[in-house]
Every structure is written in C-alpha cells, then in structure tokens.
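Before we start, here is the structure in question, set down as structure tokens.
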Amino acid sequence: MASLELRDLIWVGIVAVGHAFQLEQAAAIVGSLRRKNGIPPPTMDGPPEFIRALRAQQNNLEFSVTFEIALWTSGVFCHQAPAAMLGVLYLYARHKYTKGYIEDAPKRVPPFWLSMYALRGLAGLSIAGLIHAGLREYAGVNLVTMARERIF
Amino acid sequence: MASLELRDLIWVGIVAVGHAFQLEQAAAIVGSLRRKNGIPPPTMDGPPEFIRALRAQQNNLEFSVTFEIALWTSGVFCHQAPAAMLGVLYLYARHKYTKGYIEDAPKRVPPFWLSMYALRGLAGLSIAGLIHAGLREYAGVNLVTMARERIF
Amino acid sequence: MASLELRDLIWVGIVAVGHAFQLEQAAAIVGSLRRKNGIPPPTMDGPPEFIRALRAQQNNLEFSVTFEIALWTSGVFCHQAPAAMLGVLYLYARHKYTKGYIEDAPKRVPPFWLSMYALRGLAGLSIAGLIHAGLREYAGVNLVTMARERIF
C-alpha cells in the first residue's frame, strides 16, 4: 500500500490554509464590531448586529473541527481533487453564511445548508476512501481495480 | 526512518470520522431543542434542558482539538491500534456525557472522567511515540529493538 | 516529489502535544475557579475573574484550529524547524495571554498580539511551502534549487 506523498496533499493544504484565514477573519469582524460599539472584552452583550456576529463566528468554530477532519481524511484516503473542490464550496458557503447572518438572522439559513451539503459530500468521500483502504489492506480487495476491469 | 504509510492511518482515520459525526450530532441536538422550544438563533437563553445541551456541545468542542491532536500524534508516532481503541473509548464516554448532561447536570460527571482517562491514555501514547522517534532520529537509540533484545 | 517522513514531523508533533496540554490547562483553570466560587455547570455567570478566565479559554479555543492548520501545513510543506520555533513562541504568548487576562483584562493585549505575530509567521511559512510544492509539482520549477544555484 502507498505511502503518503506531499504532492497528494497540496490542494487540500491550500484549502486548509484558506479555512484558517476565514476563521481569523470572523474573529476580526467581531473585534471591529467591539471597537465600533465600544464593547471591550470580556463583555459578551451588545446590539443585535454584534450578537449575530458573535454567533456566526461561534457556529463557524463549531463546524471547524468537523470540516478539517472531513477535508483531510477525504483528501488522504480518497483523492485531493474532489476533496479540495468540496472544501472550496464549503468555504464559499461559510463566507455567505457569516455575511448573511450579520445582516439578518434568516439570511444565514440557505448558505448554512449549502455548507452542510459540502460537508456531507466530504464525509461521503472520507467513508468511501476509508472503506477502499480497509478492504485493500485487510481483505485484499481493490475496488478501484475491480471497477476499472469491469468498465474497460 | 520510515515514511508515513496510508495503511498505518486507517483505524485512526475511522475514529476521526466518527468524532466528526459525533460533533455534528451534538449540534443537531441543540438545533432540535431550539425548534422544540421555539428559540431561534441568535438567542442563547431558554429552559434548563436547552442550556445543558448547549453546555454539553460546548464542552465537546472544547476538548475536540485536544482529542484530535492526541489521536493523530499517538497513531502516527506510536501505533494506530491502541490509539484507535482509546479513541473509541473516548467517543463512547463523550456519547454518555452528552446524553447524561442533557438529562441532569450531575450525570455528566462519571462519563466526563472516563473521557479524560481515555484522553490521558492517548497523551501518554503520543509522548512515548515522540520520545521513541526523537531518540531514534537524534541519538541513534531504538528503544523498541532494545526492549526486544532484552526480552527474547 | 518526496513522501512524508515521520522524522520530518517530530518537532511539530511535540509542539502540537504541548498545545493540547495548554488547552486542557485553560479548561482546568476554569474548573478550579468554578469550585473556588461555587459555580456548578451549566452556570456561565460569576465574579469578574471567572468571566475573564472563561473568555481567555474561549479565545484560546477560537484560535486553536487556525494554529493547528498553520503549524502542520508549515511543518509539512515548508520545514519543521522554523514551524516548531514559531509554534513555541505562540504557546509562550498564549500562556502569558491566559495568565494576564485572568489578572486584568488589559494585560491580555500585548501577549495577544505576540501570538498573532507567531501565527502570521506560521501562515507565511505555510503559503511559501505550498507555493514551492505547487510550482515543483505543476510547473517543474524548483525555487530552492534555483536559489542555491544563484547563491553558490
């Protein structure tokens, strides 16, 4: 079975760094709303816009570990190309989510579900990749080779 | 020294994906209690059951990064078999923790400590694995070979 | 292109485990302030010192995913030595941040910015490493070899 190659992680690495920047940007938005409204930490209360920005940031964080797990396991065990594409879709959806939520709470809903579809796609790739790797390692069955032989 | 092999990460990958699903499930429980009690985001206040579900989810998140670090470093530098077993124990304890906490606050305590024991076990494996890798790389000492030669 | 070697991840692994311990320590400080002030979970209100400890822990968590991404991508795609050094600087800054914040809110500011400089340094290494890996893989351009040939 193959060893992990740096070349197979480049696109997933780029998406992960983009995710890190996005998480920091959400923190920066909260910080700038703190300054604008004169709400020094550790105060967590303020005008509705500030509360919504806090909740948007918190929700991004709640899903950040799940996203990183799904991104890397799908990139490593399945393939980086679809993993990175779904990762970019997730980041786009989260960008719309944060922007929409700060404007008005209901605007968070459609991009939230888009981000969940991207996440479920990544989870599907992860599970498919892990099943393939497990069958290859422990049962000597190579699903990819079998599929190719049937098709070509 | 060895390169990282995909086959040595399968079980740890499966546990990580299980962890991702567990984190999402806790978010889904909070979401369903929001709908049941009519508490739309960004509101964070509600009946005691809702508050306890929020806190359970938050505590799972607080430990999620620590768990992922301990899981992967122990799996990579020590061995995936004990890492994955302790990982499953952690996920079981966190499942009981979330369920118990939502029922009644004191019910969170025994599974919390079980999850901490699993986490400490993983941290121990990580440290042992890193010491082994460090001595092998920088001092030319192979603790595993030495142990084998003494025993056999 | 090279496969991922365990030896190239040792120092980054050590810093990651140190980070995991630091996150747990912040949780333990909040727990001990809960006991000292008689604030059982799920209560989130209490004296100012307790609120500041909660916020310090929360801020550490907010940046934990960003830090882990930056640490591992810089260690994997650039080099573990500068990544681990900036990682230690980050952990030192976060230690001062947590301690300072619990004493008095303004004391959190200088170590917060130090932690941000360390994080930006890591992000810079990540991006440099990813550009290098991408050019090498997709354009056949090796920036490191080119730089050496110009210099020596």
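The first chain written gets the first letter, and so on, giving A, B and C; residue counts start at 1 in each chain.
Criterion: contacts are C-beta pairs under 8 Å (C-beta built on N, C-alpha and C of every residue); 3 or more make two chains touch, one makes a residue touch a chain.
All values derive from a computational prediction rather than experimental measurement.
Of all residue numbers that take part in the contact between subunit B and subunit C, under half occur on both sides, making this a different-residue interface. Overlaying subunit A on subunit B by C-alpha atoms takes a rotation of 120 degrees, rounded in steps of 5.
Chain centres here are Cα averages; for subunit B and subunit C they lie 19 Å apart.
Each of residues 3-4, 61, 65, 68 in subunit A touches at least two other chains. Subunit C makes touch with subunit B in their complex at residues 3-7, 9-10, 13-14, 16-17, 19-21, 23-24, 27, 40-42, 44, 57, 61, 64-65, 68. Listed in rising order, the residues of subunit A touching subunit B in the complex are 1-4, 48, 51-52, 54-55, 61-63, 65-66, 68-70, 73, 76-77, 101, 105, 108, 119, 123, 126-127, 130, 133-134, 137.
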